[in-house]
Amino acid sequence: MSVQENYKFVQTTRASRVAGLAGVVILIALIAAPWWAGRGDMRLLSEIFLYLSLAALWNLLAGYAGLVSVGQQAFVGLGGYGLFALAMFFGIHPLLAVPLVALIAAVVALPVAVLIFRLSGAYFAIGTWVIAEVFRLGFAQVTSLGGGSGTSLPIGIVKSIAASRSMRESVSYWMALGMIVLVLAVVYFWLRSRHGFPLTAIRDNELAAKSLGVDIWRTKFQVYVLTAGLTASVGALIFLQKLRISPDAAFSVNDWTAYVIFIVVIGGIGTIEGPIIGTLVFFLLRGFFADLGTAYLIILGLVAIVVILKSPTGIWGWVSKKYDIALFPLARRVIRINPSNEDRNAS
Amino acid sequence: MSDAPLLETHNLISWYGDFQALFGIDFHVMPGEVVAVIGANGAGKSTLINSIAGLLPGEAGSVRFAGQSIGDWPAHRIAYLGITIVPEGRQLFPSLSTEENLIIGGQTARPGPWNLAAVYDLFPVLAERRHQPSTSLSGGQQQMVAIGRALMSNPDIILFDEISLGLAPIIINDIYAALPRIIGEGMSAVIVEQDISRALKVSDRACCLQEGRVSLEGISAELSRDAVNQAYFGI
Amino acid sequence: MEWVNAIIQGILLGGLYALFAAGLSLIFGVMRLVNVAHGDLIVMAAFLALVVTQTLGIHPLATLMIVIPVMAGIGYALQRGILNRTLGDDILPPLLVTFGLSVILQNGLLEIFSADNQKMNAGAIEIMSIPVADKINIGVMPLIVFGVAVAVIAGLQWVFYRTALGRAFRATSDNQSIAQLMGLNNKHIFGLAMALALVVVALAGVFLGVRTSFDPSVGPGRLIFGFEAVIIGGLGNLWGTLIGGIILGVSQNIGAQINPGWQLLAGHISFLVVLAFRPRGLFPRIEG
């Protein structure tokens, strides 16, 4: 018998099929949340979804493409300000503005990427920080958007989302849920696709990937622009919920980068499951340490450092290695489908 | 010559990640001896040298020098014992000038005849280029610097790792011609070489490695060409 | 005339920025590590000096006698305890660990000292100035800082190129394995390099604290200035870093002359311009 008849490539795993089923059930429950969850719960869930979105995107950038950015807040803020500007100056409906800012951010990300791709490694990281600072300082100069103190979303625009407050909150919630589903789907299918498949190769061994003909620069460029756009949409949703924006809040390193980085590192960098675990851990810890404020950040920082030094692949890395499971399988495994004569005789 | 070996390995095993490079090497050098280590590419010659030098992890008793177990010592500690290496591919420090490369070799110096003046006497061409960046020298001159760098510490034993690699035959001849003066009185040496005849000519004893194992050992002058070829290629 | 003044002030400011940058450059040169917490360490040094002046009542500049050895010790311990473990081929660990460190330092300082603005009083020397021409005065303090920056860079150059320690730094950064064969303990050498870098950080912190006000959150800003000075000047070139700092300082001051709110932005823009047209900086010596 030929090799092809004896072996085949398999990408799904039993765990992933179970997880897939569980995921569908959970998704249905989440869609129905406005009917069983309270206001506070929905806000919390929205926050979780949006943080998870940021984490999944940062993970795609850093964990897969090796582009460590400490400046993604540039696009979060760009998205937020973009939404406010589109709604206030161009009369565009806020819900339409959310996907629109993604396009704007992607276009802005083009020259930004050309500039900062001249740097590499840690210098690239700080370069992204500089870009975020430039955006922050720039928007602080725009008086029509409130300058340094920021502005609130006019009531008329808020009301245009939906008539009643409870309806508005449901819409916000569903947008956030839609966002995380979209982001996870995009990340997963991008990595499985022709465009994203090189990323896993790049992450594992950039030199080898290059020697196999992978266009490193173009792949990284695409990922950078893609994540910029989606991050901006997340930012738009964040500030749509807050109803108020200011340069310091929009471009906050702590809120949009530090927490995100800690989430991904603790959960497991370079895996799709990692950010999910990390977000859950983050919010669990926050529940316990909420009142500590700065101490919470210190604790997070310490935990992150310990994780990087002891288990660089995070919680999920440890779990998946110990139990050999993958919920979002990306690796293609070879399995034998026809037992050989020896196997048959042995059993 | 005393009876105890100056340098010896016992069942030396070495791994590069998942790949086992050495499968239990027993090897020794008596004081004042010159031992050749020959073998094909990938036979494990450099791995042997690096293990002795402490650049690869090992068990305590697998390497002994002057009666001390050094198999688990870090390289920077072993460097002070009187073992030096002329590494494969020269590996000079590009950020250092010729003279600085020599000086840094003397960091672990013990009393002895070798110093900057003595090295310049041995290789006069280096004196002319002493302040130039070491990378601006020709291949042969760089090899001289690498040898000089090793001599500066006044070692008891020098391990030469493929000093003829990448050099023109004339240059190789010159360097091997200087070898007796380099090794001088009483110094021990291990010469790793792919060139069999050269290796056998300059050494007292020879040891052949083949795929991580010792395939032949004996007095260089007494080894037949056939035996060596068999041991070298494993046929 | 205000323009000339602005430019002169910018040049002197460049000295401070070069001080921020020198330690960063040193560490990158020796171990290819970029310490994201660099700016926060500068702020920590400033707070350390503050505590020393307040408890001992000595002049801020005199605190250097304590701050320098303490910071050097912290640098050695930090490198050998934590940062040495992150060195290797992967760029993520050192970046993420030093980022975590940055967050911990900022918030730690916030917990201990609160977010209040602080400034150390160096006395009469702060208001003294040297009249150079009609309406142009050069402040004595900024001049001292500039002088210290030049001295530090000259000192570092001397260490690197004229001492055994500098040889060890260069050899270890070239080739860690062969350096070990020379008897050099990499872990120890890197520890010393970080200690030296934090000596510079100590100077930077003390002079920061005297020259301007500071609070726990200004660390990243100092890191960015240092980083921009290094990139503008060119990697691996300490004198280039001084030039980079000067260009940055001058750009900022010219921007401030046009519009006070544009000061920082003007600096970032000249950085981006250099990045666009001379990605390796003006006087590069090594690859990033």
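Note that the chains take the letters A, B and C in the order they are written out, and that residue 1 is the start of every chain.
Quick note on the criterion: a contact is a pair of C-beta atoms (placed from the backbone, for glycine too) under 8 Å apart; a residue touches a chain by one contact, two chains touch by 3 or more.
Nothing here was measured: the structure is a model prediction, and the numbers come from that model.
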item	value
Third chains touching both subunit C and subunit A	none
Chain closest to the assembly centre - both centres taken as Cα means	C
Most distant chain from subunit C by Cα centroid	B
Between subunit A and subunit C, centroid-to-centroid distance (C-alpha), Å	34
Averaged-CA centre spacing for the pair subunit B and subunit A, given as whole angstrom	54
Whole-Å separation of chain centres (CA-atom averages), subunit B against subunit C	44
Of all residues in subunit B, those that touch subunit C in their complex	53-55, 74-76, 79-80, 84-85, 87, 91, 93-96, 100, 103-105, 107-108
Subunit C residues touching subunit A - in the complex, by the definition given at the top	33-34, 36, 82, 85-86, 90-97, 99-101, 103-104, 107-108, 110-111, 220, 223-224, 227-228, 231, 261-262, 264-265, 268-269, 271-272, 275-276, 279, 288
Touching residues on subunit A, where the partner in the complex is subunit C	62, 66, 68, 70, 115-116, 118-123, 125-127, 129-130, 133-134, 137-138, 140-141, 253-254, 258, 261-262, 265, 269, 294-295, 297-298, 300-302, 304-305, 308-309, 312
Partner subunit B, residues of subunit C touching it in the complex	164, 167-168, 170-171, 173-175, 177-186
